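Paired with subunit B in one complex and with subunit C in the other, subunit A is shared by the two complexes that follow.
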Partner chain A sequence: MSDQKDIQKINSTGFFALVIGLVALAISLYGIFSGLETEDPARGFLSWLVGLSFWLSIALGLLFITQIWYVFHARWPTIIRRQCEHFLSVFPWLFLLFIPLFIIPQIIGEPGILWKWLDGANALPGGHGTVQDDPLYQWKSVYLNSNAFIVRAAIYFSVFIGLSYFLRKWSFDTDITGNVENTHKARRLSSVGLFLLATASTLAGIDWFKSLDYHWFSTMYGVWFFAASMRAALSAILIFCIIVSVKGYMKGTFKQAHRYDLGCMMLAFTIFWAYISFSQYFLIYNANIPEETYWYNIREHDGYGVKNSWWVISLLLIFAHFIAPFLMLLWYKTKIVVNRLVFVAIWILVFHLVDLYWNLIPGKVIDATASHGYYIRQFSVEVFDITAIIGIGGICIWSVCRSMLKAEPIPIKDPNILTSLNHSE
Partner chain B sequence: MSEEIYGIVASFKDTPSLYHAAEKVRDAGFNHWDTYSSFPIHGMPEAQGQKRSKVPIFTFAGGVTGLTLGTTMVWYMNAFDYPLIVGGYPFFSPVFPFPIMYELTILLAAFGTLGGMFIMNLLPQHYNPLFNCAKFLEVSDDRLMIAIEAKDGQFDPVATKQFLESIGGFDIEEVTA
Partner chain C sequence: MSSDTTDCSIDSAKQALLDKVAPATLKDQNLVTNNREFSWVTNKICKIVESNTPNWWWVCMAVALVTASFTLMGLIWLVSTGVGVWGLANPINWGWAIVNFVFWIGIGHAGTLISAILCLLKQGWRTSINRAAEAMTIFAVVCAGIFPLFHVGRVWFAWWLFPLPNANLIWPQFRSPLEWDVFAVSTYGTVSVLFWYMGMIPDLGILRDRAVQRLTAGIYEETSKLRESIARGTDVFRKYFYGVLAMGWRNAGNHWRNYEMAYLLLAGLSTPLVLSVHTIVSFDFAVAVLPGWHTTIFPPYFVAGAIFSGFGMVLTLMLPLRALYGLHDLITQRHIDNMCKICLGTGSIVGYAYIMEFFIAWYGANPYESFAFINRAFGQYSWAYYIMFSCNVFTPQLFWFKAVRQNAALVWIMSILINVGMWFERFVITVTSLANDFLPSSWGYYSPTIVDIFTFAGTFGLFSTLFLMFLRFLPLMPIGEIKFIMPQADPHGHSDDDGKESE
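Showing the complex of A and B:
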């Protein structure tokens, strides 16, 4: 990074993001502890989990796409790959930010606040005894138990951090030495890494998000998380590239052809996300087994057929998270006109967040005064949701800015850099 | 056999000169002309002033037709012509026939693409007067050519020949229809 003005801008952005992030995280922590007093103590933790999953999905998607590009020897995205690599620096911080979700419930002596199955003594909604009496939990307890959860979380994060560490290290080393061997090594690692990452992110999605409702069965959940992550990641990296190409160091290198190809991938993964999400619904709808259908039922009505707030969100996912971006991205112009593509990318990120809400937040909250002995947690945007998203985002952006100072803006000595710079439609 | 002129062909020595010549032909305002090479040249559509392909419109029309056809077909069969209760599901809903709607969308969109490509490329075309020109056959090997057709409004047997020469063309020939 040679331009003094750029360095200053990146430094101040990073510092600003760090301060905002720390303040917002402090507010979120306050939200978790003040939420303990309310009738729904899990909501504060869910805010944190939504914020974490939003940024984690972006980072995971970028780790996927970076390795996919290596494996397929894609030359055109070489200049974009460097921007992805900056994002890959966030995993250690996300690990630190994940720990409170597990540790705080342990410290206050109620390990099962967020993940109900972590505490066998937790009462089941509807007065059916406790978690440890639940036959479904007894079958699943080989996988869903506290020790296995800790070990697996450690493995997942070592996969994420390990892969991103080596991919970043070798790519940055090429800037200085121009050693082609680095590219070969990265390609070899990626061909193994994709399998490791696919396994780790699938199981992570099951452990951290799906197990919030441990009763449920779905074979599509890991793929859903992958598809959602890819959509978020492509939108995020597109916005990032456009910011640095309009104002900063990628001016003139990030061209229409790069935008067009990223737009095509956004379209492809929009369709893929819809395909996966619908398939999950369709399989459960066709089989019609109560242990599976209830998951969709609580996202539609209150148990008596009266639609609840998740009904509107469900429809929004169909029409606003799939059909609208699908139709917008079908048009060639949308994929090359900067403003339109940024609009679609922001749109997808917003509804990605709605998708995460829809997947993570609903659940049965025990309430003796309610008709079934429980009520279904409804859609709401809390202050602490917003602070968690901003807080974790602030730390991520700070980490990205720190990384931007460590390497060249584009991988100048990469063997494929010329093809990427000359990329045309 | 009539000796009517089909057009005039000119050869160019390398890709850049073909590319820049194409820009000049475009700027001179010709409409019925084309460049010929044995390999694709990046940016040539722009140099020729070609608009974007119309094939996507055919694809879209095919897709919409498929979606509508799939929906009405299932509705007609399951809810109108012979209402049948299957597994306790409604006679018609957008959920259970979705695979059919979706597959027909894909199928007819693919047919639309294929058909649109044939229509827009004027295929099938078994005869083209350019094959009367012996040098034109070398295009499939190493020759780069521009052909301006006589049906173009600006075409003039003498002036067009001079124009092609002025933009760097050689081996200029008239091709008979």
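Showing the complex of A and C:
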């Protein structure tokens, strides 16, 4: 447990985050309902989904990395792992915050407002009948239907919450008992947990993101979600560790060597993300099959070759989300100088958000006045996007603060704690 | 927030928290067991090269050479007759040749992975196995190269693959991944050789110095004058052979500093190469529009499969060597455990890809794509599909069990099954999609000819020949690096029970 001064700081931060979070969420809810009257009623829900997926990807990435560290018997990140464990407390809240996305459309009697296939009566863009007449939907309806969606979401969150619960429980218990069996149990659970998590997060990516446009498909999508989540998670935990070490909570234990290694991992996953994103793009581009390429086409032009707003975002993903952090992180100094590393981490998080926008927001919005009978939803940063990110983030930070009060700042009796404390480059 | 690189050190931390630090004890096996001395490690590894050639080596070499001659005969037959001697026929114009190429190039991934990626990840356990794995990599690349080289038909024109100006103004098709393969594989081969050779320089220096020491001291305990002369003559040969190869290595501090830096740089360069080679090999298939080939997960799936098969081959080679040379203190159960776990992990990634391909083939609602996968599982090649799936996905799942990992004979058998499975994976991908393509009237069934079979079987002989030569003439393990991870190398006189490395 931390000392009194720390407890006070954590308590007040948590309370502040909770208040901000609730206020922002209330505004977001207002955004959802007020948006129903507009020509694009799904946009408010998408704001919420982007906010949720931003924090969910961070939490999932941290759940992945915690388990990967256990499986690899990694010693150096032991003190960082404790900070990850605090973040793992957010899953139940994310589950609660996921529910409105499904429930609100049901309440207002338009179940397919966000995920079009949830309502068979939804019209298809371009005057091609309704979802239930769509042969592609009929083929997939065994998988893409309301009941299966609910059951699967419950299973995914059970996996996320279950794994986090036990990993946190055993780690916190070691602080008190010093029982090495907890480490063994965590290692065993992690080796199985990685399988469960990989499956759950892949299918969650398909259900919640890819099925926004249920015609499109790509085997790489789950790997993309993993890569993106890892980048976000590493950046987030790095910023968190630096903040709490500067504020005194981690007692100066988070050292240059830890920063350096986290920086190396950020570099590695920056390359990995680019590798995955490029491979997906390149293989679809090269094969040039219309049923796949349209997904990229709507992110580039209006159908007549005129570039739309997503074109710039696409270029930003290449140059700002890959090349810039890649070049910055190549330098040794970037990985050790606090300000530079924090800058890169924030940069990556900002463009991770842009990546989520790019993946989730574009879609065909029916508009009888448009030339094809629909238009492509363009890039825009709405007030309700920001409130959703802040709102869900506020709840997450409150949850992290609550967790920080439940355990020591570093896992004091973990078998690898000394190696981690004495870690050098 | 501080903008410089200095840290709050542990000293300035609140002492109360640090006073509470009381790590629980977690025992891990050392990476070099039985508390061996440095000199033991040097002797053990050098003696493999310096002692008389064991009888089993001669037997293996004879078998390997005879087997290798199959490839030679197959290729002579092919060149003198034409590519028609292989079992290729419309619509299956890619058969065993590409399967064998991908199979061998996949095996060639473990060496550089162990050397480069595990080096960057600071995995101390790599040291006992990296040298042999690197050698294996190079020999596997040699075997792999044979197939596309001869598949071009008129092999004497293979140099056209390189963008050299020539009289006919013929340029390679730069948009073809097969052309990228030429660059990827040749770059990978070159860097792997460099990495392998550079890593050996300190050990070549040791072998040279030991020969010089014996010559200077004249300590030969041979039973006859003739034997002593032969031993002296061999040492004179060693003095110059290893002397030239060691390139003036003197074990000096600055030599080691340069060596470490060069090793790190090569590790950094090799890492993207490891990924690029099999990524491009996957592009050979994935850029096509053929159902079963065109799927976006191919690049990482192929890389994982390559690492999987590479580690399978490392186990296949290292387990018998461990028994034959009594290397149990250097290749410990912990090494075997780690390799088994990597096989389990990568095998499962491959399994994930198989299932994801199947699922998205259905989810994509493209009837041709769905057919390709249904056909794989239930069509004329279903036997190959089941061999692939059971060897690659189910077999490594046995590595969950400690009892299995501790049974060297069983691990060895499973490592062979892994490679059988990986060969069939490439067969399933290549042949099933071609045999039953868009036009049912042209469907066919592919069978290899005797030339196919002999050419492929012979590459195992070629691979074994090269590996046996490596065993006899070059140091099997990096002596210096092994010493570095031993508890005795800890300058503070203590170790944290795991061979000191921070994983």
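The definition used in the following text is that the second predicted complex is superposed on the first by the 423 of 425 C-alpha atoms of A that agree within 3 Å, B and C clash if a C-alpha of one lies under 4 Å from a C-alpha of the other, contacts with A are read in each partner's own complex, and residues count from 1 in each chain.
Criterion: a contact is a pair of C-beta atoms (placed from the backbone, for glycine too) under 8 Å apart; a residue touches a chain by one contact, two chains touch by 3 or more.
Just so it is clear, the structure is predicted and the values come from calculations on it, not from any experiment.
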| item | value |
| --- | --- |
| Touched partner set for A:R75, first subunit B, second subunit C, both or neither | second |
| If touched residues of subunit A are counted for subunit B and for subunit C, the larger one | C |
| Which of subunit B and subunit C A:F15 touches, first, second, both or neither | neither |
| Partner chain in contact with A:F319 - subunit B first, subunit C second, else both or neither | neither |
| Subunit B versus subunit C as contact partner of A:N286, first or second or both or neither | both |
| Partner chain in contact with A:Y30 - subunit B first, subunit C second, else both or neither | neither |
| Which superposed partner A:T219 touches (first subunit B, second subunit C, both, neither) | second |
| Intersection of the subunit A residues that touch subunit B with those that touch subunit C | 286, 288 |
| Sites on subunit A touched by subunit C in the complex | 3, 72-76, 135-136, 139-140, 143, 174, 178-180, 183, 191, 195, 198-199, 202, 206, 217-223, 242, 245-246, 248, 251-253, 255-256, 264, 271, 275-276, 279-280, 283-284, 286-289, 291, 333, 336-339, 342, 408-410, 412-419, 421, 423 |
| Touching residues on subunit A, where the partner in the complex is subunit B | 278, 281-282, 285-286, 288, 330, 332, 424 |
| Of subunit B, residues touching subunit A in the complex | 42-43, 52, 56, 60, 87-88, 95-96, 98-99 |
| Subunit C - residues contacting subunit A, complex | 1-10, 12-14, 16-18, 20-26, 28, 120, 272, 275, 279, 283, 286-289, 294-300, 348, 352-353, 356-357, 360, 363-366, 400, 496, 502-503 |
